[in-house]
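Reviewing the structure listed below.
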């Protein structure tokens, strides 16, 4: 293992260890915030997986996040009586439903002469806008106002989990999601995905079923985003149409681009970093915060295409997560 | 009968305005291979130039005249500040112009507030068209947009400058090896494309709710027009705008506008699914 | 007129194909550049046309350094390029293609000279036809005229006979020779067809592994020294 790869690995382990020890130094309020950021981190991982690993630039990732959030809310509020109102069922539906929607959307987009690059970005962007409109129009899911009073994560006896317990639950979920993404990226499948990212046509001519690989990874990513959405709802207690829409889809893009699109941990930490900065700055910068965020985003894209964390590690070629088959 | 005529007029009206925005997108994409995600915000700036100028001077017409000039300058500035550094990194141009659209949108919120502004109708009379009382200003929009679209087509297909630009689109390296300064063509095209969007925003301001979200509202149908018509073709832009603009207006007549948007999107998805290169590309 | 010194170029990623080519071409000369495939001939041509960034060395036209100038500057300084595969604008008419040759040149009037169709009359017959519908030979004639109408001092010709029927190859060779003699046009031509080279060129350079490895100072030496041809062209 080269020095930089060792550094990358140590930093990754250190980051997770730091997250694990956070309750020792942070108060309840800040742990609550951190739980939200980690949830967004899972969401960012879902985009990092398709964008960073397979080169699929999706402008509608919130569609899956939002469907997951709505699924969780509908089940736990008892709006789907035949499913019961258990949180486990809710979480399962929050994974399955977005997964199926992603599979369907993936099938439409990657079928035949597949959409890619600009086409894909535009179609997914338009899809997100349309989903938001549809969510506003659908009274069953609360229409314009959304659904309220979604119960928080609870222990089996029905008591709500403590702040720290919720944090650890979400944190472990994030770690597992991360390990799954990492495993996909480093497996032979991940190598094919990297091939697709680098040169789709050539990968096709080597005899790989590019279409199937893309639909598969898109489906997995949809499931992850939905999972994050389900967890999100239990923390905020409500769902509303913007969760499936356009603004959130672009926020997650910014997190991943700023963190580092080609490194999964970069995408994850990007979400934490941007959200934490937003929390710290939005009070003082007020309405200028969004301008600053947009400008930061442009700057990162133009000057540091590898992102804040990716660039750090790109100084030496074998990146911390790229030792395996992915490169 | 009268309802049909009014509907046809509305369709032509929306289609022509959409065409101006779409043309800008298509020429910029065709020439520089840049998807300008901030294009909707150029439309937005155009509308707010009218708001600001007519607020300050009381003259709508001055605003209408200034909007394309302002946007041409904005286009040049954006090209110089951002695009020229990354125009060979396709995905990054999408992201960077995306960031730009956030900045512009929020900048407008800071300057003008998040609420809707209204621009008084500068031609508040109605004209009799085949027995239908139709707002004069909408007829004015149609005439102007049609003239501008024709001028754009003339520029691209009938002038020597247009020949050079189409040459750069077809084969950038070879055009450069024949002595054509491709970077200058890029700048000119980006400025023209931006000015078209800004003009469309300005001219539509009196009949739309002018708010910071209006750019996105126009960007989505014009993206769909590009996809439906065919990415790399000015004729495709016309066909795409016709399909999307026509479908939107006709659906909106029967059902709510939101439902119409959903239907139009589904229609576009079906077309793209079967003709991935658009109606023009599909035929080739 | 053209001085190339230690020119290095290759893939954008940094891989070298041209590894330090050095040679001169005098005004009015027609020089053939010979060598097997993959030896760097086309890379050299593209570097001289400005389509590839040079990674080292330099080249000058009439004393002016042009290494790393953008291609439109190089074209306006007087280097005309007819690439391998011709790269005409297929959707443009013949006339529009020819116009493209003058529109980028500020010092030329932006219309076609009246005698433009005298050299290859078939182009005049088809001036309103889409260029992509013509035969390979006609497209090659078009590509050459599109370049010449821009009045270059030096013409870079890459594989002009490739995939073209022999009678048209002859016609192109004779016409180019006549133009070169009457106008003093300088030509650097990459070519596999030795008959064509013998018709047109005055001397030859041999390329191997990205450098100029040998030369034939009279074109007659191609016949007198068959070992040269054998060594560098494997014929």
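Think of it as A, B and C in the order they're written, each chain with its own count starting at 1.
Just so it is clear, a residue touches a chain if its C-beta (ideal position, glycine included) is under 8 Å from a C-beta of that chain, and two chains touch if they have at least 3 such contacts.
If you're wondering where the values come from, they're calculated on a predicted model, not measured in any experiment.
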item	value
Greatest separation from subunit C - chain, by CA centre	A
Dominant interface by contact count, named by its two chains	A-B
Intercentroid distance (Cα basis), subunit C paired with subunit A, Å	54
Length of the line joining the C-alpha centres of subunit A and subunit B, rounded to whole Å	32
Distance from subunit C to subunit B - Cα centre to Cα centre, in angstrom	43
Sites on subunit A at which at least two other chains make contact	none
Residues on subunit B engaged by subunit C in the complex (per definition of touch)	160, 163-164, 166-167, 170-171, 173-183
Residue numbers on subunit B that touch subunit A, as the complex places them	29, 35, 82, 85-86, 89-92, 94-96, 98-103, 105-107, 109-110, 216, 220, 223-224, 226-227, 231, 256, 258-259, 261-262, 265, 268-269, 272-273, 276-277
Interfacial residue positions of subunit C with respect to subunit B in the complex	49-51, 70-72, 74-76, 81, 83, 87, 89-92, 96, 99-101, 103-105, 110, 146-147, 150
Complex contacts: residues of subunit A adjacent to subunit B	57, 108, 111-115, 117-119, 121-123, 125-127, 129-130, 133-134, 136-137, 246, 250, 253-254, 257, 287-288, 290-291, 293-295, 297-298, 301-302, 305
